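Two complexes come next, and they have one chain in common, chain A, joined by chain B in the first and chain C in the second.
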Partner chain A sequence: MQIRFVLAALRKHRLATFLIALQISLACAVLCNACFLIVQQVHAMRIDSGVDEARLGTVKLSGFDPKSANDFNARVVDALRHVDGVQSVSVISGVPFGEPGVRAGIGLDPDYKQFGGVIDFYLGDDHAAHDFGLHLISGRMPSPDDYMPVTKFVPSNAPVLITRTLAEHLWPGQNPLGKQFWGLDTQFRVIGVLDHLSVSQPGGSEAKDPDWSVFVPAIAGPNLAGKYLIRAQPNDMPRVMREAREAALKAAPDAVLDTDQSHSLSRLRHSYFESARVMVKLLAGVVVALLGTTALGIVGLASFWVTQRRKQIGTRRALGATRGDILRYFQIENFIIVSFGILLGMLLAYGLSLELMRSYEVPRLPFGYMPIGAAALWILGQLAVLVPALRASAITPVEAIRTL
Partner chain B sequence: MLEMRDMSKIFRTEQVETHALRSFDLHVREGEFVTVTGPSGSGKTTFLNIAGLLDTFSTGAYVLDGQDVSDLDDYARSKLRNRKIGFIFQGFNLLPDLNLFDNLDVPLCYRRLKRAERHQRINDALARVGLASRMKHYPSQLSGGQQQRAAIARALAGHPRLLLADEPTGNLDSQMALEVMDLLQDINRAGSTIVMVTHDPNLASRAQRNVHIVDGRVAEDPADGTIRPRPVEGTA
Partner chain C sequence: MFAYYVKVALHNTQRNKVLAALMVLAIAVGIGASMTTLTVMHLLSGDPLPGRSQHIYYPQIDVNPQSKGREPLDMLDYRTAMDLWSSDKADQQALVANSMVKVRTPYSTRPALMLPMVSTTSDFFSMFDVPFRYGQAWSKSDDASRTRVAVISSRLNDKLFGGRNSVGKTLRLADSDVRIIGVLDAWRPSPLFYKVRGGRFTDGDTSAFYKKTDDVFMPFAASLEVNAGNFQAFTCWSAPDPNEDLRNAPCVWVALWARLNSAAKVNAYRSYLQNYADQQKAAGRIKYADDIRLRSLMQWLDFNRVVPSNVKLQTALAFSFLLICLTNVVGLLLAKFLRHSGEIGLRRALGATRTAVFFQCLIESAIIGLLGGLGGLLLTLFGLYLVRLQPVAYADLAHMDVSMFLVTFALALATSLLAGALPALRASLTPTALQLKLL
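And then the complex of A and B:
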């Protein structure tokens, strides 16, 4: 019933109404996009790497002579195996959340007419597939004959394990087993499909999908040396890694230990997402600050209007308005202003999203975030206006009428 | 219609207690036009506010239209005010953000009346005070006299049992004051009970009955209902 009067009165206060609605619309736009970015970051941080992170660590050495790689590998692997608590050691080319390993564009034909995207290749010796804890969903694990020496970057004509996501991307709806693809001057044949195996830098700019990787069985040698995967009990990891680093250096005193990369996978993952965590905190801070200032703006304007309309409120009370009528008046008014702000905010949110897409390669804001943002602001608005509105409803008719 | 017995109203502030009304007795019958006069601070406004259920009283009894209203809560008093009482203020108290039509509509909406009935009443009331052509005007676009007539129309539209006016002509020049007084007398002749506080002895003398208040007490009241003209002291 009162909506008509509220609207009529707001028409007489267009500027203040517009300004507060504008603030609300900004809050709405930023809120929707920030929440979406936060959810995306959190989702990215939760990625399933497809390997037994809690049980894995890696040691990286450099500065050795490639000609003596076989001897070097043998010495280091032997030393690592003798560290107390180490269950298994393998030679690999890289790990998820570690530095980029072998990465290349692939084609579905030898001439790359059909480009398949940029993917990560994880090379590993005959212990690696087991040590990683790869989860096979179809096909088979590499057999002893599948392990071949690395020619330049990868073994020639290698059989590979491919992730389900990548297989679905390359051959949608088809059985990937036995299929071939080309890359790194050679060809590959799919022998098994993995549930997951994330790229080394998930969310990084090159691979379109964080799960576009393959595992390539290989034999350690001059082109596969210096990086080792250690498997141990999760609760033993910190000590094992400390001792493993020392043991590796002792076994290869002239090599250089990469202290950034030689850690447990849990720790590598933690540092890999450090900036994402900072960004989430920052965005959350922005959201809270924005909602706070918006709430304060609403409280401020509503309080000002209550004071300004003291006499009016008293008059309304004299004319028969109950306290509830006065309370509702301010609640309806707030609802209308916030709704107007939300309407503007939706357009703004969409515009902001398009701009973010263009500049930062983030996906378009899903429409589902709009009603969530709207609901949040409606609730915020009603909470913010409650105190001034209650104050208004407590104004007694006499005192208000006396103030001429 | 309105019966107050042995009523008192005490305002307490930190330093002082003001007895705005004491042993106040008044009986207004249906259809009467009663003016209330008295020196400044004598309690006229206090009496009117209590009569209109805007304020509570300290002791005594008040029966309005046959109903004892001494112990009603805020909600019940709001509803009763809305249905039975029409107010006319010295400062007009129109809502500045709404046009005349909406100003008249507000109290009717609080009453949850149907749209058609509201429109009928608003049109009738505005026509009665001669402002039918101004219903889209805002209060600030009207003269003082027109604003007060609009306020009277707002009270009339509610078909109140009791019309209360606190110095309704106090902010008007004498010509407009007379117009408003004529209008109120018309309304009274049509059957409404009116209680009007005024400082103007000329206006007071035009009523059937003038109650004079001094120091929160009824000092003179031709209570038997006969019209007893009386020289009024005080400001003119």
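And then the complex of A and C:
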């Protein structure tokens, strides 16, 4: 019944109605996409690295003579093992959230006819697989004779532990155990499958999935030196890392400690996602500012309309309309305008999403975000119109008659 | 008449302070957000060598013998780079390779530092117009005779020598003594163009291109001896032996920059590159001779998409926000002008033309725009301050310059006039008689 009045009134205020609807549609477009980007970033930050981050730290030294690497490794590992609270020390080639270590393209045949993608290789000595806390889901962990010296960048013909995701990508639907792949001028044989092991720079490398990495057992030597993994109790970590850095420098006074990389893994992870966190805060700020501006716009225009229609409202009240009728009138009016805005907004949201896909390499906006954005704007509209609408419903019939 | 309009506009603005404040706030926030991101974008997408960049070129040849004929690799292998460089076909040219070098001084016991070093040739400094504070660059003969000299950044000079003239002093690089012959003045090209490469593999996270200048510069050949074993390949087409010299490795790791002063020279150089590639193909060393590129500096930066996609996204978001603020202000102005319909009707009845009413309303919007612009400027300065606090490589660059200062006000004024035009038009169309009757 009221809807007819509302539509008739809106037809008289086409310009203002169109403006509010336009503002809501823009807000809807940005809101849906911003929320989607926030969820994307948060999802990326939540990545499971597959290693025991809270108990791990790493120390990186450089500037030593590779010819004396064996002696160097022995000195540093010994010094680190003697730091109070250190449970285990291993020599590795890299850690998740650290500098890129060994990274190369692989093929499913010796001639690389079937390209498998660019993946990360984590090399580690006989303590590393255990220290990392790798979670094996099938196959076996490396046995003592699987550890071989590094010839080029990796040991030749090495057995490897592969992640479930990478195995599924390389050999869909097949049992990966015993399968082979080629890379770095040698071949690899799968002996075990890991639940997770993230690449060193998730989201920032050529790997199509953050889980595209393998663990390669290796023996420390000239081509595997300078990076050490330390395992300790989580609550002890800050102190252990501080002392470990000093101990490493003391054991190798002529080497240079990489102060950016020598930290606990939790800290490396924290700084790795620093810019993503800034982006999330920024996007959240945009969303809040956006909703605030839109709400203010609605309040402003609704208040204006209430003032303008005082006489009409008074007349309606005098003719028997209840306060509830007046309140509902403005609520229905707001609902109709917001609905128009949302309709247009969905198209805009989709357009904006296509534009973002082109320039920002994000996936397409899932349709699920549209109803959420729509619901948010409906609620916002109803809340914003409530104050002016209540004021309108408080207009007494007398007021109308007095000013007539 | 104008002064009178301004007076009336100021009076009207004061009549409804809350509404006016809301509009000023909306414009200020919109402008602040847009200008902060636009300033960052402007700084990051600028020309690192203004006045020179159009003559600087980056030659590429598809040196990969297993190439699939797609885009050539981002750098050159040692042999190709040396062949091109020694042919001396350009007006000026410089080889560039990068490595980390261990730096100590015999004068102090401070622990060794690992610092980024540029291995280059003498033309680098004059070609890129690098400013010197003390001393000078090395000469062509130093390149040939592999003289162990170095140019250091002013930052390193401050750190090691307290900013004093360190020319003639000795630096221990890796395990060799090297004499300092020059100290750079402040030099901060944005982006650090001579290290830009591989941008298309970064997934949009290109903030590393805006790092500060390297600390040590050494003659190319001499540095290969001094820092042997510490050079890293950009990429390899088959696995190199890590213990072997990178000069013979199947890897690309050397960049060549050339200065070509005229279009004729550019064409001549391009045909030279083509000839060279044809010869190498005939010799069986490369596979695709036609796969060559000769991009200018700015083309190379565009190709690498140097502006981080985060910054682009933030700018897009900020401008969408400004658009929403704009529609908001249009709505509020409309409400404001229509509320004054009575007076407008009276003025029309007393002889004011529609144009006069229109301009008077427009001046009212312009005043709100200017106030919003002022607020927006303050918010922009605050926004840039927040950017400087971020842990990104380009944080220290985020400052307002004169052009951006002017753009702020232009944008504020344009926004408010745009916002004011429609409501002003609507107000000027107010029917006179009806409004008078209602007064």
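Criterion: the second predicted complex is superposed on the first by the 401 of 404 C-alpha atoms of A that agree within 3 Å, B and C clash if a C-alpha of one lies under 4 Å from a C-alpha of the other, contacts with A are read in each partner's own complex, and residues count from 1 in each chain.
Quick note on the criterion: contacts are C-beta pairs under 8 Å (C-beta built on N, C-alpha and C of every residue); 3 or more make two chains touch, one makes a residue touch a chain.
Worth saying up front: this structure is predicted, and the values here are computed from it rather than measured.
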Room on chain A for both chain B and chain C (clash or fit): fit
Touched partner set for A:Pro222, first chain B, second chain C, both or neither: second
If touched residues of chain A are counted for chain B and for chain C, the larger one: C
Which of chain B and chain C A:Val387 touches, first, second, both or neither: neither
First (chain B), second (chain C), both or neither touched by A:Val288: neither
First (chain B), second (chain C), both or neither touched by A:Gly320: first
First (chain B), second (chain C), both or neither touched by A:Thr307: second
Which superposed partner A:Ala74 touches (first chain B, second chain C, both, neither): neither
Touched partner set for A:Ile3, first chain B, second chain C, both or neither: neither
Partner chain in contact with A:Leu19 - chain B first, chain C second, else both or neither: second
Smallest separation in angstrom, by C-alpha atoms, between chain B and chain C in the superposition: 10
Doubly contacted residues of chain A, that is, touched by chain B and again by chain C: none
Touching residues on chain A, where the partner in the complex is chain B: 1-2, 4-5, 8-9, 12-13, 311-312, 315-325, 396-398, 401, 404
Parts of chain C lying in touch with chain A, wherever the complex brings them together: 19, 22, 26, 29, 33, 100, 102, 111-114, 174, 201-205, 207, 229, 238-243, 309-310, 312-314, 316-318, 320-321, 323-325, 327-328, 330-332, 334-335, 338-339, 390-392, 422, 426
Interfacial residue positions of chain B with respect to chain A in the complex: 49, 52, 54-55, 74-75, 78-79, 81-83, 87, 89-91, 93, 95-99, 102, 105-107, 109-112, 154, 158
Footprint of chain C on chain A - complex, ascending: 15-16, 19-20, 22-23, 26-27, 29-30, 34, 37, 62-63, 66, 104, 152-153, 184-186, 203-206, 222-223, 249, 254-258, 271, 274-275, 278-279, 282-283, 286, 289-290, 293-294, 296-297, 300-301, 303-304, 307-308, 352, 355-356, 359-361
